[in-house]
Amino acid sequence: MTLANIEAATTQTSASSRRALRSVLASKTATIGIILIALLLLTAALAPVLAPYDPIAQDINNRLLPPSDAHWLGTDGFGRDMLSRIIFGTRPSLGLLALVIATSLPIGLIVGISAGFTGGWVERVLMRFTDIVMAFPQLVLALAFVAILGPGLVNSALALTLTGWPAYARQARTEAAAIRQSDFLAAAQMGGIRGARLLFGHVLPLVLPSAIIRVALDLGGIILAAAALGFLGLGVQPPTPEWGAMVSDGTKVIFDQWWVAAAPGAAILIASLAFNLLADGLRDILDPRRD
Amino acid sequence: MTDLVGVENLTVGFKTAEGGRFTAVNGLSFAMGAEKLGIVGESGSGKTMTALTLAGLAPQAAEITADRLEVAGEDLRRFKARDWPKFRGSVVGLIMQDPRSALNPSLIVGRQVEEALRFHPRFGRSERRDRVLSALEAVGLPNPKTLAGLYPHQLSGGMGQRVMIATALVNEPKLLIADEPTSALDEALREQVLELLVSLVESRGMGLILISHDLVQVARHCDRALVMYRGRLVDQGRAADLPNSTHPYTATLWACRPSAATHGQLLPTLDRTVIEASL
Amino acid sequence: MSSNASSAITATRRPLGRRVVDSGRAFAVWFGTFLLTLFGLLVITFALGLTSAADPALHRVGEHASEAVYQQARHNFGLDQPIPVRFANYVWGVLHGDFGISWSSSRSISEDLARVFPATVELAVVAIIFGATIGIALGLASALKPRGLVDNILRLVSLVGYSVPIFWLGLLMLLIFYATLHWAVGPGRLDDIVQYTITWHTGFALIDTLWAGDWASFVDALAHLVLPASVLAFYAIAGISRLTRAALFAELGKDYVTAARARGATQWQIVMGEAFPNVAGVVVTIVALSFTVLLEGAILTETVFAWPGLGRYLTAAIFVADMPAILGATLVIGASFVTVNAIADLLTKLIDPRLRT
């Protein structure tokens, strides 16, 4: 869906991920990213405290005001305070992000671990299916999906999950296949541990760290995809403040009251950048060819 | 007589990730003329780093100090980044270990042999072509014209290494550095390739530095030998005298070489305390 | 010795016959995967149509029609058939270019798509030409001086490029270059006058205006392309430059680069003459993959720039819940995406130097 995904797909995350996690904080870009992400989370949590106004309270007498002391980022077409709306806008963006990950990561892990651990024709069928889904255009299918199921947070998340899981499945398969050959697993099997307990008690913990890193590389892209759905009117519905939808509102007045579109777009950029900074740091650490 | 290579108190070090320092070459001094000098030692002894330093190819992170570092009268310590390309390929040539990785997979053989000539423009196109073909012929390759059009993956290992030799010799450098030139080859090919290398060097009056862990090879083909251990020069002398060295490290290395005669016996192991004490 | 060496040449070359069979098999696998993926796409669009709450028959006859009329409409649409039969009918229709009738305009969707598709392709092609040229140049420049100025700027540009919402970037560009500076023309594909005088042959404005020898219209078409294509190109530059850089850096650490340095190659000669030929195949793949990304990015860009392409057609259809149009547009964009992906995959296999004998 984004170029970041292509790059993420070419970045090998491997067994060295534990060591990598420790050295994340040594990377300057990753540290800046983590600080920004922490600020975003804090903003989302404390939105009612931080926001100077009610984000959905309309005030027809104060429509489209330019930035001022009273309204730092001006007001929108309904006279609502832009700053308050942007502060509350962290919630649907981060919420959608959490939902997408909470669904696509488990699906990817289940498919990948089953394929890699079972081998044989199960693996071939599952991985061919994964490759096929991976070849689909994520945003277009998400659009069609939401258009048909109806807009909203949950449907948006489902739509992005539908095409988002294959990357995690591929990675989990590679690792599970390597673990299948390992001695410690043979030992566990000899100890009578089998089936689901073997897969989820012994294989999953080993696959999880690099899967989480793989997810981290995608977060910025998911933020953008969610904003795009919002921009097209398919995300969280009004009057709930959502950044993409706010940019869309501002489109009508872009040449006269440019700040109405500019401010929420900048918020999307900053949120996506925060996650991409983290990803950039991670990629540097994971790249064995790093100079 | 001026030396072809003059090195005094050469030290090459690296900062390690843990904040310490690793010294790859430690206070090395030697000089050589147009002769064949072998540098032997185990892996990690600093022999390859010494060779790379003489060609300016040590990693960027290397910290290099020396009281003297000269090749063919050029003071390498004063070299700026742009001086190296003129020097490499014309004054010094390098043969690397494995032709499979040291030849560019995307370029035909003829182009790679021609490079040293193209990078130091002295000759026109047809003159360069003639020189490429005669270089390929000189290293004993059949049908140079056909061969020049092949890609490296179409060559066998022995042919690849002959091509490597041709790439290094075509511009007739004064000094040839060969870093384990035969270790990637089959036993049967090693002697052939090394004999070829030595005869080419001798007929052109060049100096040769042969980096090797194989004492027998050095004893047989070189004039002099330096023995390195952990970045230091521990022993030196006539190459032919290597079997009779009284230095404990050299003597053990010599005794360690596996052969048909020692088949079935335990090889002697290195008593490192003795060597450390002798440093 | 000489006979020995010449036999070594032939020994490493596989017999021609076997190579043809091998590559034939590889091609068959590739083509099979491609068809399977297209089939999967059909399954998904069909399933989306089934899941939809909207009922084509009800839409046709209206809510006040009698039960008999409604059932007749269901029968006419084939909705009373079992699902596998309906799927077969759907695939049969698509294969014959029948995507149904638009609910909003009552026009044939395949005709609509044939009209809007070239506009999107034209936009994406111009964008990928911009993007690939600048992206590859930036990647090469940063490899010429690792950790140098260009390299650091590239890092910043690609980070922002990955993070910027493209619809917002498009708006800002319109605001700055059209509304404020007046350097660029406004939204749309052509001025109204040109719009109604142009004779369409290929559907590509640049080609058709040249075809007619209408220089002024050609300039108009180009002027309208510059801004949306630049925005889309920026989107591609981030990925292309960065992946080109990464591929080059991986090569720079290899032995053959050290060997070429030892022959006296300068950094320029190393990057251009030694490393680039080895990454050319990867770069082609990167550009092809970026093209798929541009096809998707075009949906958002077209909305902002009022570009009458497939993306705007899709978003307009979504806005009025025109189900057959949504599914048709999704299928066409999806199929283009899948096709370009498959071509990228094939190129990667073809460019492998070990197969190039």
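As written, the chain order gives the labels A, B and C, with residue 1 at the start of each chain.
FYI, contacts are C-beta pairs under 8 Å (C-beta built on N, C-alpha and C of every residue); 3 or more make two chains touch, one makes a residue touch a chain.
Only a predicted model underlies this, so the values are computations on that prediction, with no experimental measurement involved.
By the count of C-beta pairs in contact, the leading chain pair is A-C.
The chain with its Cα centroid farthest from the Cα centroid of chain A is B. For this pair, chain B with chain C, the centres built from the Cα atoms lie 50 Å apart. Computed centre separation for the pair chain A/chain C is 23 angstrom, with centres defined by C-alpha atoms. Residue positions 291 of chain A each touch two or more of the other chains.
Contact residues on chain A toward chain C in their complex (touch as defined above): 1-4, 6-7, 10, 128, 131-133, 135-141, 143-145, 147-150, 220-221, 224, 227-228, 231-234, 244, 247, 250-251, 254-255, 258, 261-262, 265, 268-269, 272-273, 276-277, 280, 289, 291.
Across the interface of their complex, chain C is touched by residues 55, 57, 82, 84-90, 92-94, 96-98, 101-107, 112, 115-116, 119-120, 140-143, 147, 150-151, 153-156, 158-159, 164, 167-168, 171, 192 of chain B.
Interface residues of chain C, counted against chain A in their complex, comprise 33, 36-37, 40-41, 44-45, 48-49, 51-54, 146-147, 155, 159-168, 171-172, 174-175, 179, 235-236, 238-240, 242-243, 246, 249-250, 253, 286, 289-290, 292-293, 295-296, 299-300, 303-304, 314-315, 317-319, 321, 323, 326-327, 330, 333-334, 337-338, 341-342.
Here chain C touches chain B in the complex through residues 1-2, 5-6, 8-9, 11-13, 254-256, 258-266, 269, 274, 277-278, 280, 353-354, 356-357, going by the rule given at the top.
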